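Shared between the two complexes below is subunit A, which pairs with subunit B and subunit C, respectively.
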Partner chain A sequence: MNDLDYLKLTGFSKLGYKLKKFFTGIPGRLAGALKGLGLWFVKLFRGIGSALADLGSTFVHGDWKTKLSYLVMGFGSCARGQWGRGILFFLFQTVFNLYMVNFGVAYLGKLNTLGTIETYREGRKTVYGDNSFFILLYGVLTLFFVLAFLYTWYMNVKQNRVSEQILKSGKKLKSTKDDLKSLMDEQFHKTLLALPTLGVTVFTILPIFFMILVAFTNFDATHQPPSKLFTWVGWDNFRQLLSSDNASYGNTFSQVLLWTLIWAFFATFLNYFLGMLVAIMINKKGIKLKKMWRTILVMTIAIPQFVSLLYVSKMFAADGLINSFLMRLGWISTPLPFWTDPVWARVTVIVINVWIGIPYLMLIATGILMNIPADLYESARIDGANAFQMYKKITLPYMLFVTGPYLLTSFTGNINNFNVIFLLSGGKPLSLELSGNAGYTDLLITWLYKMTVSDTNYKLAAVMGILVFLVCAVINLIVYNMIPSVKNEEDFQ
Partner chain B sequence: MSKKNEIPEVDIVIDEQKGVIREVKQPNLRSKAGHERRVNTGIYILLVLISVIWLAPFVFLVFQSFRSYATEDGGMVAYLLPKQWSLDNYRWLFNDPKSNFLRWYGNTLLIALFCAVIQTVMVLSVSYTLSRLRFKGRKLIMNVVLVLGMFPGFLTMITLYFLLKQLGLTQQGAIPGLILIYVASSGMGYYISKGFFDTIPKSLDESARIDGATRFQVFLKIIMPLAKPIVIYTILMAFMAPWGDYVFASYVAFGSEPNYNVAVGLYRWVNVNDYQGYFTRFCAGGVLVAVPITALFLALQKYYVEGVTGGAVKG
Partner chain C sequence: MKKILALVLAAMMVLSMASFAAADDGYAGNLKIWVAEATVEFTKAQVEAFKAAHPEYANMTVEVLPVGEGDAANNVITDVEAAADIFGFAQDQLARLVAANALMDVEPENAKVVAAENDAGSVAAVTLGETMYAYPMTCDNGYFLYYDKSVVSDPSTLEGIVADCEKAGKNVYFEINSGWYQTAFFFGAGCTLTYGTDNEGAIVSSECNYASENGVKALKAMINLAKSPAFKNGSSISAGSDIGAIVDGAWDSNYAQEAFGENFAAVKLPTVDGFQLGGFGGFKMLGVKPQTDEAKMAACDALAAYLTSGEVQLARFEAVGWGPSNLAAKSSEKVQSNVALAALADQLQYAVPQGQYPNDYWSLATGLGDDVIAGKYNDLDDAALLEVLQNFQNTAASYVTAK
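So, the complex of A and B:
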């Protein structure tokens, strides 16, 4: 279908065509992403291959200083007068060796079993055996350290080769003083990124890697270190969470996943359109006290959510303000089941979330609405368009165009929207129909929290975390490439 | 009005489907003005309604906090206005030996101040580097952060807890422990300030570099003064976030009541303790937390608005 055919379609078939194009495109986009990932790995392995080749040729062609640097890191640098670099390399090697001998090797060796010596009681005394948790944690830490060491070692060798080449061409090497200076200049990015990278590696990457591994163990309430060991179980946990026989969580998981997606959809789009509407109303020509209306809404952003959401949640409780008020008016005789009926609870959290979300969207939309060229509206008015037509043909396409990426992040953000559900309903109402302590308003993320904190079922929590990641990643992959298509010229006509 | 009068009374519209030329009467200008007034009135009514809905819970909260504990108990009641106004609840928060409120408040303030400083430095370093410096691995870093950001935050909670425990930073050491985990990964939230740095013209850096300034001097003397709005925005966000954190704070400080932050302390009053007795005290505590934060926020509203709109546009 070419552009001309498309323009001849009526409104509904246009929509149908777009939807069809969207869904038929999904496999292609996923395949493209997988291909990209594959290419990345190919590139990575090629890089490693050429690094190995470099190592070999440097050793063959290098002088004795270089050759000795293969064993004693930093020797070459020191011998050529670059003391600063040399000493750092040497220190790193010393620390690494000490760590491995005293600590690392022992943990690495036990990583394949996660410990075999059970804790037992000898009379009144407890004799502690292996602690699987620490074996896994320090094992992972050691692996990270080994990788970092290998990379540094490679850099050390490369350093020697580069230095040799520079000396051969008759130039001078950089002194330690020059190195320090360049950290404030050419190498400034290293200075700035050092601390954040360290923080993210230790407090985000390491824990995530650790939890991914936990998903393949039987670490739960009955296998708690230090009194009990846990070990590798392969894909069992995934099977337990996803398969639908009675002993498994499959049915509950699909229900919770479905509700999570419904929730994310409403929380994103309802807030988006209502927030835009409020912004349009406040910004309409002739409306006075614009700043006051805006401030009233913005105040709700400032008040910490645990205060406002807890209070609102209590307002809707069976003995809360709203029910008692309605009962005193005589409109109802029994309390409305805001938090006890599944459907009521789900609608209530979505509605209260609108209350939370509109101020943000109002602010964002205000900023963007002000940027829409006024002459677009002017010419539309001259052509006789009414308010709704102008909204549909000018405001909405412009907003969607500009806020496309925001909608995507806010959708994945809502999948992980812990605070609202946790503080409002806590996942309730619970039900015997759902296993694993899940409730009808539980999102995957709040269910994960329950599994971690109240059930200490870490293995399933880890699996769930991985699945949440996959859901977000797939949505991102599918939608991300769509966003430039919003830029399509015709949407602006 | 002169412009409107120039519009001809009759417009000619070409109807594409029927292929004929139609004449369309312009609507009467006077009735249009009346229509406009009616629309505006409708909008005012809606806006007042919205304001009431948005403000009501907070007004109620303040009312409840002033209810007399001695004569009306501390539970939830079915009426709004206190029968007897008093400062009982506030007095209890400050004076009663059983109340740890001041301690919690101090803890949270301390965490917030430290976060405001360290996190701002982290975020600005990362965003400045990724926005204005070009080096090998820049794209890789951005992709890794994107992927890491898709993992749910609580996944790593127990690992972080045990890491902190090894360092002695849980329970009694919860305050420094919390500061550490809040700021450690904060560099990942660089998007909004990167978007801001992207808008500062590159030619500024270049001309300064030609004049012999190092990159560090460019950062400190040229970009930072221009980045005041985004610096304030980052500080504001970093300062406000710890006040609302319940999950990590309750996990790290588990069981050590003097080391709670306000969110954990107050949450436990209404959800774990017998909330009927503590409800008005919760309200009073909530007011004491909300008022300074809201005042600060409203004072710096301008920067917040710049931040969120910029962030939404650039994604």
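So, the complex of A and C:
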């Protein structure tokens, strides 16, 4: 189909065509992503290969100082007068050796079994055995440390080769003073980023890696350190969560996942369009007391959600304010099942979320609406466009362009919108049709919370964490490439 | 200078010897206790009394913290090493705690005393297989009916209570989506649901006959109750509104007296559809977590035994109204004359001492209750209801861990 054919289509067929194109494009995009991943691995292995080759050739061609540096890190640097670098290398090696001998080797050695010595009783006294949790945690930490050491060792060898080449070409090596100076000058980025990188590694990457590993163990209520050991179980947990035979959670998982996506869709777009509508209404010429309307709406932000949501949840209960009021008026004879009927409960959380979400969207939209050039509207009006046409052709594209990335992040945020669900319904109502303590309004994230806190089922929670990440990542990658702010960067400039 | 140094050294030696002597037949370190918030002050006072009576423990530092009975078990299981040494919990958590190796068995001498002085139900509740794992503290974890005399004219049938409350525009509270309160219907109609545990607290067998004529009768009674506009799911007097009648426990008796004032009344549960509502009789207990230090272990044993002794149970009843499990304390005049506890004692004739249930049972029961409240079963015939219960029964049986 060429452009001309496309333009001839009616509105609905255009949409259909776009959707068809989107879905038929999925395999291609997926293949592209896999190819990219494959290329990345090839590059990684090539890099490692060439590094190994470098190590070999440096050893063969290097002088004795270089050769000795393979064993004693920093020796070459010191021998060539670069004391600062040499001492740092040497210190790192010493610390690493001490750590490994006193600490690391013991944990690393048990990492494959996660401990074998059980806790036992001596008379009535308890003697604790291996602690699988610490073995896993410190084992992973040690692995990271070993990788860091290998990299530093490689750097140390490379340093020697480079120094030899520099000396051969007759130039002088940098002194320690020069090094320090360059850290404040052309290498300043390293100085600045050293601390954040260390922090991110220790406090973010390490725990994530640890949690991913937990998904492959049987760490749950009956394997709770320090009293009990846990061990590796391979893909069993994934099977339990995803397959749909009797003792598994497959059916419940697909229901919860579906509801999570439905919720995220409504929570994002309903808030978005209603918030925009409210902003447009308040912005309209001739509306009086604009500031007052805005203040009233913003009041919901001023009260902490913990307070307002818990209160609203109580208000909608069977014996809450709303039901008793309606019953006293005689409009209903039995209480409305806001929290007890699955469908009602789902609709109620979405509607209450609109109440919380509109003010934020209204504030964002107000700012953007004021930015749209008034001459666009003026010329449209001269051309005879009505209000809806102007909205569709001017306001909406402009809004989508500016708030595209915001929409995406808020969609992801809503997939993980723990507060609203947990404080309003707590995931209830439960049902015999759902297993694993999940309820009809549970999102993946609140189900995960129940698993960890009330069922101490860490293994399944870890699996769920990985799956939530996958869902978010896939949606983000697809949608990010579709939003106008990324595709047509030049529009509206 | 040297003299001063020598003096200091000598003083230190004397001090360290003194502390060694104390450690020999006592304990002077730290000890942590978790009890329900209402009893924190009471427990603190009792700990002081314990120290006064046992000079070898006079230097012990005891920290008493408010941690509710439900949370205590969770917290102890999550992190045994950071948990309190002595903690209060309700009996339904016992098997879980033992299975997670988070409880130490009761010292054999103490166990004999506990078995002799407490009522049989509570002793059975703290014992798994042959081993006693905790000290019974109360015998009041059951439920019965509080009602407003001006609203409910005859509290003997549930149908009558509901009709009275509907007429007066008041609410009937019954937490039928809780695995604990729900058994009032099933057990009352003659069903059973029990699990067997081994010495390590693992669930090894189950017995359930919910999928039967009696089960259907019980489920229908629940459905009928839930259909009434007066019905509210809940069991907390302080959180309810317009209460005509509520099924609740002795721990809320102060609130009940406040809420109903002159019209306060408490009786055993009513009958429904011709059968008497039954349910669980339960107990609260004190447990000691596994100890790695002998001296501290002895201190924990002694303190836990003291805190659950007859006098302290009676004092606890006077302070916060918790009904004792100790036989002597139970038969004292003060306990006998308490209205709420009398109603409870009346109801306990129809109740089953609560055994051990897997954690999954409670969410399964909530699922059933929520389905009833949501009206999913309103139009089902007996055969379909039987199928629902069969499904429930099969799932309940699946929680048995294969050995």
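We take it that the second predicted complex is superposed on the first by the 464 of 493 C-alpha atoms of A that agree within 3 Å, B and C clash if a C-alpha of one lies under 4 Å from a C-alpha of the other, contacts with A are read in each partner's own complex, and residues count from 1 in each chain.
Going forward, a residue touches a chain if its C-beta (ideal position, glycine included) is under 8 Å from a C-beta of that chain, and two chains touch if they have at least 3 such contacts.
Keep in mind it's a predicted model, so treat the numbers as computed, not measured.
Of the two partner chains placed by superposition, A:71 touches none, neither subunit B nor subunit C. With both structures placed on the common chain, the touch criterion links A:341 to subunit C but leaves subunit B unconnected.
When the shared chain is aligned, no partner comes close enough to touch A:329: not subunit B, not subunit C. Ranked by how many residues of subunit A each touches, subunit B and subunit C are led by B. Once the two complexes are laid over each other on the shared chain, residue contacts for A:206 go to subunit B alone; subunit C is not touched. Once chain A of one complex is fitted onto chain A of the other, the partner contacts of A:431 are limited to subunit C, with no touch recorded for subunit B. Residue contacts after overlaying the shared chain place A:125 against subunit C, while subunit B stays out of touching range.
Of the two partner chains placed by superposition, only subunit B is touched by A:308; subunit C is not. In the superposed pair of complexes, A:4 makes contact with neither subunit B nor subunit C.
In the overlay built on the shared chain, the residue A:360 is in contact with subunit B alone; subunit C does not reach it.
Once the two complexes are overlaid on chain A, the subunit A residues touched by subunit B in the first and by subunit C in the second are 319, 324, 327-328, 453.
Note for the complex: subunit A touches subunit C at residues 119, 121, 124-128, 221-222, 224, 226-228, 246-247, 318-319, 324, 327-328, 333-335, 337, 340-342, 428-437, 439, 453-456.
Those residues of subunit A lying in contact with subunit B across their complex are 133, 137, 181, 184-186, 188-189, 191-193, 195-197, 199-200, 202-208, 210-211, 278, 281-282, 284, 286-287, 293, 295-308, 310-312, 314-315, 317, 319-321, 324-325, 327-328, 355, 359-360, 363-364, 366-368, 382, 384, 402-406, 408-409, 412, 416, 418-419, 422-423, 426, 444-445, 448-449, 452-453, 458, 461-462, 465, 468-469, 472-473, 476.
Looking at the complex, you find that subunit C touches subunit A at residues 74, 77-78, 80-81, 96, 99-102, 104-105, 107, 169, 171, 173, 177, 202, 227-229, 232-234, 240-242, 290-294, 297, 359-360, 363-364, 366-368, 370-371, 373-376, 388, 391-392, 395, 398, 401.
Contact residues of subunit B toward subunit A in the complex are 7, 11, 13, 24, 36, 40, 43-44, 46-47, 50-51, 53-55, 57-58, 60-61, 76-78, 80, 122, 125-126, 128-129, 133, 135, 138, 141, 145, 147-148, 150-160, 162-163, 180-181, 183-188, 214-216, 219, 240, 243-244, 246-247, 251, 263, 266-267, 270-271, 275, 279, 282-283, 286, 289-290, 293-294, 296-298, 301, 304-305, 308-315.
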